[in-house]
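What follows is one structure encoded as structure tokens, with my remarks underneath.
We just call them A, B and C in the order they show up, numbering each chain from 1.
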Amino acid sequence: MAKTNPGRFFEDYRIGQVIDHAVPRTVSGGERALYHALYPARHALYSSDEFARSVGLPSAPLDDLAAFHLVFGKTVPDVSLNAVANLGYAEGRWLKPVYAGDTLRSSSEVIGLKQNSNGKSGVVYVRTRGTNQRGETVLEYCRWVMVRKRDLDAPAPETVLPDLKKVLAPEDLVIPEGLDFSNYDFTLAGETHRWGDYAVGEQIDHVDGVTVEEAEHMLATRLWQNTAKVHFDATQREDGKRLIYGGHVISLARALSFNGLANAQMIVGLNGGAHANPCFAGDTVRVWSEVLDRAETAVPGVGALRLRLVATKGGAPFVLRDAEGKYLPDVLLDLDYWALIPR
Amino acid sequence: MAKTNPGRFFEDYRIGQVIDHAVPRTVSGGERALYHALYPARHALYSSDEFARSVGLPSAPLDDLAAFHLVFGKTVPDVSLNAVANLGYAEGRWLKPVYAGDTLRSSSEVIGLKQNSNGKSGVVYVRTRGTNQRGETVLEYCRWVMVRKRDLDAPAPETVLPDLKKVLAPEDLVIPEGLDFSNYDFTLAGETHRWGDYAVGEQIDHVDGVTVEEAEHMLATRLWQNTAKVHFDATQREDGKRLIYGGHVISLARALSFNGLANAQMIVGLNGGAHANPCFAGDTVRVWSEVLDRAETAVPGVGALRLRLVATKGGAPFVLRDAEGKYLPDVLLDLDYWALIPR
Amino acid sequence: MAKTNPGRFFEDYRIGQVIDHAVPRTVSGGERALYHALYPARHALYSSDEFARSVGLPSAPLDDLAAFHLVFGKTVPDVSLNAVANLGYAEGRWLKPVYAGDTLRSSSEVIGLKQNSNGKSGVVYVRTRGTNQRGETVLEYCRWVMVRKRDLDAPAPETVLPDLKKVLAPEDLVIPEGLDFSNYDFTLAGETHRWGDYAVGEQIDHVDGVTVEEAEHMLATRLWQNTAKVHFDATQREDGKRLIYGGHVISLARALSFNGLANAQMIVGLNGGAHANPCFAGDTVRVWSEVLDRAETAVPGVGALRLRLVATKGGAPFVLRDAEGKYLPDVLLDLDYWALIPR
């Protein structure tokens, strides 16, 4: 027993503490192929080295969300093994594309703590950074989770709430070095819609659906070395169901949004996100998007769209909450992100 | 709604029209590994770089059928999104092997149109070409599908029926540059049977069977970026079943035929094929082959076999049709192809 | 029928016979990615090229057990197609790490034969060697299986029982060239426990569990080109169940043992193993370990642990056999191996 990792409890975190997470990981064409087998991913920049070169990158990067899952997975044994709930994300920024051959590691800094009034748990805020083998930060994001206390008598820490942006400003977004959409091939990308073709408030029903299988979400979740028991062990819940990793729903939703957002190529900012309801094998996932904002970027020809991406397991598109403001029971995911698109 | 692809309807096609399909794709060792995980593929030339070199190729190519699925998948959003039925294939030729690092794209030319007498749909014939990053055609084939009309009042086009070969002649087959079976290692390949050991009319029961799972066919179909809803979305059919992509059955059947045809290494011609009945998860697929013809090729030591490959989900081998000439209900696939084998 | 492989029967084996197995296989990053998707594998040396370099290797090797499955899979059509039971392993040694780009083949020498008293079957002992493209042996192990006779009247061969070591001595273990743990990063590896922290007799409950799916074990077993029908064809058994390849359970168990044995990085010896009971889809696999021995090695800083690894599908940890010495019905695997760990 003494040899296995019991995970950290609420009273084990301190403001300013930096946790270097274990198990660095090298990616290759294998991870890219698996990502395309697990999700209906079709964004050309991630599918074709030639297309990536035509827009100024050295080759097709690993999908932005695959990089996110890789960095996130490493934090699970240190941050969320005793978590009761995954409460939110903020200030997610993709800083460098990840390429085949890169090796990623993660570290997290504790930036906020607040014990719950019941004294049994508390909220831990971390800022997580993923770095490559050259020490460059490829990705950073904030996340807060509710974590149980081991010892209910442990004294409550001083409450520190981080000052997190509700939405990243366009100038916070980092455009990958060299990115140039002046030779962008809309035919190969699959759609003709440019930045200017999307209006704020516009809603898109992405039409397609995928019925999820146990083997698929477990393959995906393991690939990112996420060790949370509830995703793999059917004896963990009374109903015998395995809870699907929220990130699996995020990737599935993003891939399904290709149909209507084929040119929203790169995710560069994550403003926030809620896993509104749990997803289980057998659910048929559909998605819709809403254009929340549009912005120019420092690079001519490269525009940014702020998008809401909603995944559901039933119900009509474009409805999100009930009269009291609660997410409808069929809503799985409500994500707010920035993507780059040719102007 | 306006942003998503509604697919083309029968009246949207014109003779001579060339459609450049979206989303080029770079392949790597990841696709090879997945192909071997998804199918019981054992042909040595595709499994081992060393074996491939011993027969004159630079390394093990991507499986011929994986190349086919990759090229085919790209055509789905443009050709078969509103298809009622996939009617046939002809004149399929593999012209260049595909290697790790290659990037493939597809385009299709409309070569035939015939409105159905009911006025509600019509048959579209296309010749599809897959090309690599050097602009070389790696694969071409003809395919015809029945497509719905959007507007029943749209005028019928002039009927044009392409003149397609029932069977490719041996001189139509392209032998990969450098292929040389003079150092072919029959022990490593797994069987001793050469070209001369197969007689026209000979039938082979390949003995092995595979019971198909939902997760497997969806992983495979997604890997080739085939977006047809019926393969992924269990709510598309009244019976709640997901229709398995016909190409999944083709690859499964070909891989199972290794046991008895281990030396029929490379597929170079597709004469025709019928998806006789739908395949669903839970079906146990078995296959049998019949030698339809034998031919010499321009390369000494390289022979060609014309083979019928039949996949079933039950029933006895070697029976295909009922008294009225209709495929028996357990027959899934009837494929007619040319393969290269050492003489 | 004549063209397919009927497999060898007991009377087909001769002492000293060497069988070169078919279908060499080249591995790439694809196999590594799939291994990480199929199993919760987290040992840093196999996950990160950078970590591997920090301990003196050129890059992250293919997981030791993946190499084992690859070599083993090739033997199935020649050794165990007509096997009634897989009886044991001994003298397994990993001699060279396998890297992306390597091509493996296998051959087996018959080292023992003993007809059963019922005259219907016999036990065949083989020593199997896996070699790379440079002809270097990467792995060797002995295995014995019970094989049916084709002709019950075939005369019994002279009984030859090989003299196999019950346990490999520490000096039998081969330490990979260049391995040096002096810069070993325990934080990145995930645990602080060194060789000296493990006591002989110590038992570890690895806590985590995985509920197994049909698609997963079939993907894994196919990836290693293992062709045994019972793993794939649900019509082979009266109960309609597919028997899970014992090697799938071995890899799953080893990966689950990370939690408590994160630094037991490399498997270098297989002393023995028993597949105590069959595993089927739906079983939730858990594991426990026992430290059987500790040894120094010729390389300073590199220690060896002899470990028992037990996989179960229920029941309490640390209990293995009933009062009569029979494995308990929930025990799936009892494996005895040597692993390298920093001192």
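The criterion applied here is as follows: a residue touches a chain if its C-beta (ideal position, glycine included) is under 8 Å from a C-beta of that chain, and two chains touch if they have at least 3 such contacts.
This one's a predicted model, so the numbers in the text were calculated from it and none came from an experiment.
Copies chain B and chain C of the same chain sequence form an interface built mainly from non-equivalent positions, shared numbers / all numbers used being under half. To overlay chain A on chain B by their CA atoms, one rotates by 120 degrees, a value rounded to a multiple of 5. A separation of 36 Å divides the Cα centre of chain B from that of chain C. Residue positions of chain C touching 2 or more other chains, listed in rising order: 28-31, 33-34, 100, 213-215, 219. Across the interface of their complex, chain B is touched by residues 1, 3-5, 20, 22-31, 33-34, 77, 100-101, 103, 105, 133, 213-215, 218-220, 222-223, 225, 227, 229, 232-236, 242 of chain C.
Across the interface of their complex, chain B is touched by residues 28-34, 36-40, 42, 44, 47-51, 59-60, 100, 187-191, 193, 197, 204-211, 213-216, 219, 259-262, 284 of chain A.
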